[in-house]
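All chains are identified by letter, namely A, B and C, in their written order; residue positions are counted from 1 within each chain.
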Amino acid sequence: MKRIYVKEEWCLGCHLCEYECAFANSGIADMVKALKGKTIHPNVHVEDCGDIHFAVNCRHCKDPICVHSCISGALTKGEDGVVRIDRDKCVGCLTCVLVCPYGAVLPAPDGHAAMKCALCTDNGRGEPNCVKYCPNGAIVFEEREAAE
Amino acid sequence: MKKYDYILIGNSTASVAAIEGIRSVDPRGSILVVGDEERFVYGRPLISYYLLGATDERRMDYRPRSFYEDNGAELRLGVRAERIDPAAKTVTFADGSAAKYGRLLVATGSRPFDPPMEGIESVPHRFHFMKMADALALEKYLSPAARVLIVGAGLIGLKCFEGIADRVGSVAVVDLAGRVLPSILDETGAAMVQRKLEEHGATFYLSDSVARFDKDTATLRSGKRIEFDILVTAVGVQPNTELVKDVGGEVARGIVTDACGRTSIPDVYAAGDCAESFDIASGTRRILALLPNAYFQGHCAGVNMAGGSERFDNAAPFNAIGFFGMHVLTAGVYEGEAYVEKGEKTYKALFCKDDLLKGFILIDLPERAGVYTAMLRERIPLSQVDAESLKRSPGWNAFPAEMRKARFTKEV
Amino acid sequence: MDLYIRPDYEVVRNTDRCIACRVCERQCANEVHTFDPETGKMRADESKCVNCHRCVSLCPTHALKIVKTDNTYRENANWSAQTINEVYRQANTGGVLLSSMGNPKPFPVFWDKMLLNASQVTNPPIDPLREPMETQLWLGKRTAKIERDEKGLLKDTLAPQLKLSVPILFSAMSYGSISYNAHESLARAAEELGTYYNTGEGGLHRDFYRYGKNTIVQVASGRFGVHKEYLETAAAIEIKMGQGAKPGIGGHLPGAKISADVSETRMIPQGVDAISPAPHHDIYSIEDLKQLVDSLKEATEHKKPIIVKIAAVHNAAAIASGIARSGADIIAIDGFRGGTGAAPTRIRDNVGIPIEMALAQIDARLRDEGIRDEVSILVGGSIRSSADVVKAIALGADACYIGTAALLALGCHLCRSCHTGKCNWGIATQRPDLVKRLNPDLAYKRLVNLVSAWKHEIEEIMGGMGINSLEALRGNRLMLRGIGLTDTELRLLGIRYAGESL
């Protein structure tokens, strides 16, 4: 399946993807209205390490430990391969946050659920917004082969 | 007598995982699932959230209602397996019927265990807190005036408290240990959790125990007396190992299995709270009665039952538990050198030994905790990463570029 | 902040739109933007702003604009604000003023004073979408003698040629003055387009030897990075005698830009200023130049064309005549509006002549002397569009070098601060965190797009004139008419005034 990959050598650490993600998932059509004066809670996170930067978001693992560990059945891996969270079923225990090796499942700001990237399949964007607006082609959405 | 390729005894997490494991290898083999609860499969830990109002009976389904049908599994609820005959490869049920199996999974879970307590029979309203039936029974007696006594300040007792705190008059909690959650928290962490629970009305009687019950009064060893209307006992659990033990299968504290989920009896597998795992954090075999662990065991057993190959050899205890918005995440064992960051409302303790992260406690610092869990479960040597940076904040920026490349540039 | 000099620009932030995402802060190497945690708002120190537009471009809510300040000195047509500021600056430092990119002064741009012809009735225009249009060309000597072998078959006596699929090449920009990623982008684009890029005098990084078939290597007065393999790898060799932005001046790459990689490529010490002398110390005459041309030809077994590049100066035509006789295959002329990574401001702004005049005169002179076929003519020094290319070819050029336009395609916003080494677009810098801002995977495609677009336009314009090959356009001055030009200018350009029929 197509997944999001970060190209560390081209990531500038500008953190735009975080804002584009928060905007895409805000449900508000205007970025200023969606984000101004607010603390953002994106599903993608840029990690910094000196001059090295890279964006981390859900890897949609083939064998997703978050799904296996979910106590309520709120996390599922769809037939399209996308790992999604059903907020309605989630009770916010954060077991998924505790087990995701990438730190890509996050506590939702309301504290009552977890949240994660669904490749912008659930917000009407059609394609991942972080990828679309990365100014340097450092985040890509493509098919790749499996790791050993 | 009907023959099934797979019979799964028990109908909770391990069993569901086994179905998913079997179907990942064998799309067609016949499956029978029997469960003694008359209820569609649900996440057991959700019962406190149910009382709290954070979920309801409909949303508690662990899988969609069509799960068994979709997976071609026959489901029989309200049926208890009485015994197995490994030679004939049959299971006999409580209703007298029997079935033949090709491969069998024992996922019978555990049951509450109450040590002998004097006068307990005189208590009219006493409950356990492990199953939905327990929660529903308890719920009937909840009222704004009710006084509740919970014996046991472990995970079950305290989650029960959270569930009922706002629905009853008062709650007293008694535990023999000197702190709450003694199995997963150190003193600092336990004190924080205790304070949080006290803010929500809990009264604790620690390092104490009930000497005697007399209907609506408990007299503690210290001599204190607690009057109550409802008693919840959450002292301990006992694994349901009899099916295997009775026919000579190897059982220690729980059913003993290898890394593929096989018991000592041919074609009989075990998973979930009735079975032991090898805990890589403590280096010992033990029961890890945690939902994710039941899933991993069940899935592994299912795959192997169906002729596939999977090993589950990195079990470790990890807990995510919340109380009134306070998130407590813990994992592993608390041995070795401690790295501690104590904030006003947060607490981080990491325990390192032999170049490994052995365990951690995070209170209200949940962000990206999974990176620590990965260090622990995958036994990544601290010397291979920027340990100081990792301790300060969990992230892949503490890992060397090659390790990131291996994980981030391909499908995982 | 400088007591005398006020900033030229103001950073205007629409606070209604700003979401304080701090992208501007993270992306400004000049540290103009800062976040004030107390107010939760962004601030700007415009005294550091070079108006490169990195922040403006990346601001996700379009909350930023940079405007020219309306702070003003007492108006004076003679003493402009810039002139006054330059005096202040020199009074502050005692130094020579440095600038980057091309001459910004309001000298006439003759491309804009020439109009192109189109066919009507008597000779029909050609539709390039329906009929073949030849934009392929060869650069080199066209003076092959007809010789036959003993069997009577023709011998190949043609001098080495450079084949181009478009009449556009990327002009010389050294690794050092521009970044590794900028070089990679140019090299990859040249390969895909079937044209050439030019190493400048900075040598050729080992990683780029694979693009040798599309590489022109330079031999300049500093001889940086010149060795046998360098010459052999290239498609052609350019001897750089001068540069349009700073005729008569050598080069000066500050030590700070000489990283380990640059040092190895240039074969000079790391961190030490690299000085290219003003003259080649072995060339004081056309005869000396011929020796170098011959040496380079010998070194490469006469397989590669030799280009001699000069700045457009007053006696360009006479000099070109000499170069044509020196054995060179191609003459490159660089006009006074050509860009540079760093030049003394006074030189950049006051020395040299427009490329249009130099080209017209050189072409005419070589024709008069009957040696036009001895050389091809390449022109550069501010070719800004496909129309400039067509006009240049009609004036007599074979093909055009583009530098500034190529940099713009890469993202350059012409802030003219290359000499600071802090290019926010990752082009004119060696700072690793800035260099990585230019991803060649994206950047080379922008170059390919630009040149492809120009190629389509060239075909369109030629078709309109009823011309179907560059060969038929070259030196075809009847296709040009002047507008707003004096008689002298018309005479020098060799064209008629608009409205004048044959």
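A few remarks follow.
To be clear about the criterion, a residue touches a chain if its C-beta (ideal position, glycine included) is under 8 Å from a C-beta of that chain, and two chains touch if they have at least 3 such contacts.
Only a predicted model underlies this, so the values are computations on that prediction, with no experimental measurement involved.
Averaging the CA coordinates per chain and comparing them to the mean over all protein CA atoms picks out A as nearest. When you average the Cα atoms of each chain and compare centres, the chain farthest from chain A turns out to be C.
Look at where the CA atoms of chain A average out and do the same for chain C: the two points lie 44 Å apart. Centroids built from CA atoms put chain B at 28 Å from chain A. Chain C has its Cα centroid 70 Å from the Cα centroid of chain B. Among the residues of chain B, none is found touching two or more other chains. Multi-chain contact residues of chain A, defined as those touching 2 or more other chains: none present. Within the complex formed with chain A, the residues of chain C that make contact are 16-19, 21-23, 26-27, 40, 57-58, 60-61, 432-433, 436-437, 439, 441-442. Interface residues of chain B, counted against chain A in their complex, comprise 17, 43-46, 49, 54-55, 59-63, 291-292, 295-296, 299, 318-322, 325, 327, 329, 331, 366-371, 373-374, 378, 389, 394-398, 401, 404-412.
Across the interface of their complex, chain B is touched by residues 3, 5-6, 8, 45, 47-49, 52, 54, 56, 59, 61-62, 65, 68-73, 88-89, 91-95, 97-107, 111-112, 144-147 of chain A.
Against chain C, the residues of chain A that register as touching in their complex are 9-10, 12-16, 19-20, 23, 31-32, 35-37, 51, 133, 135-138.
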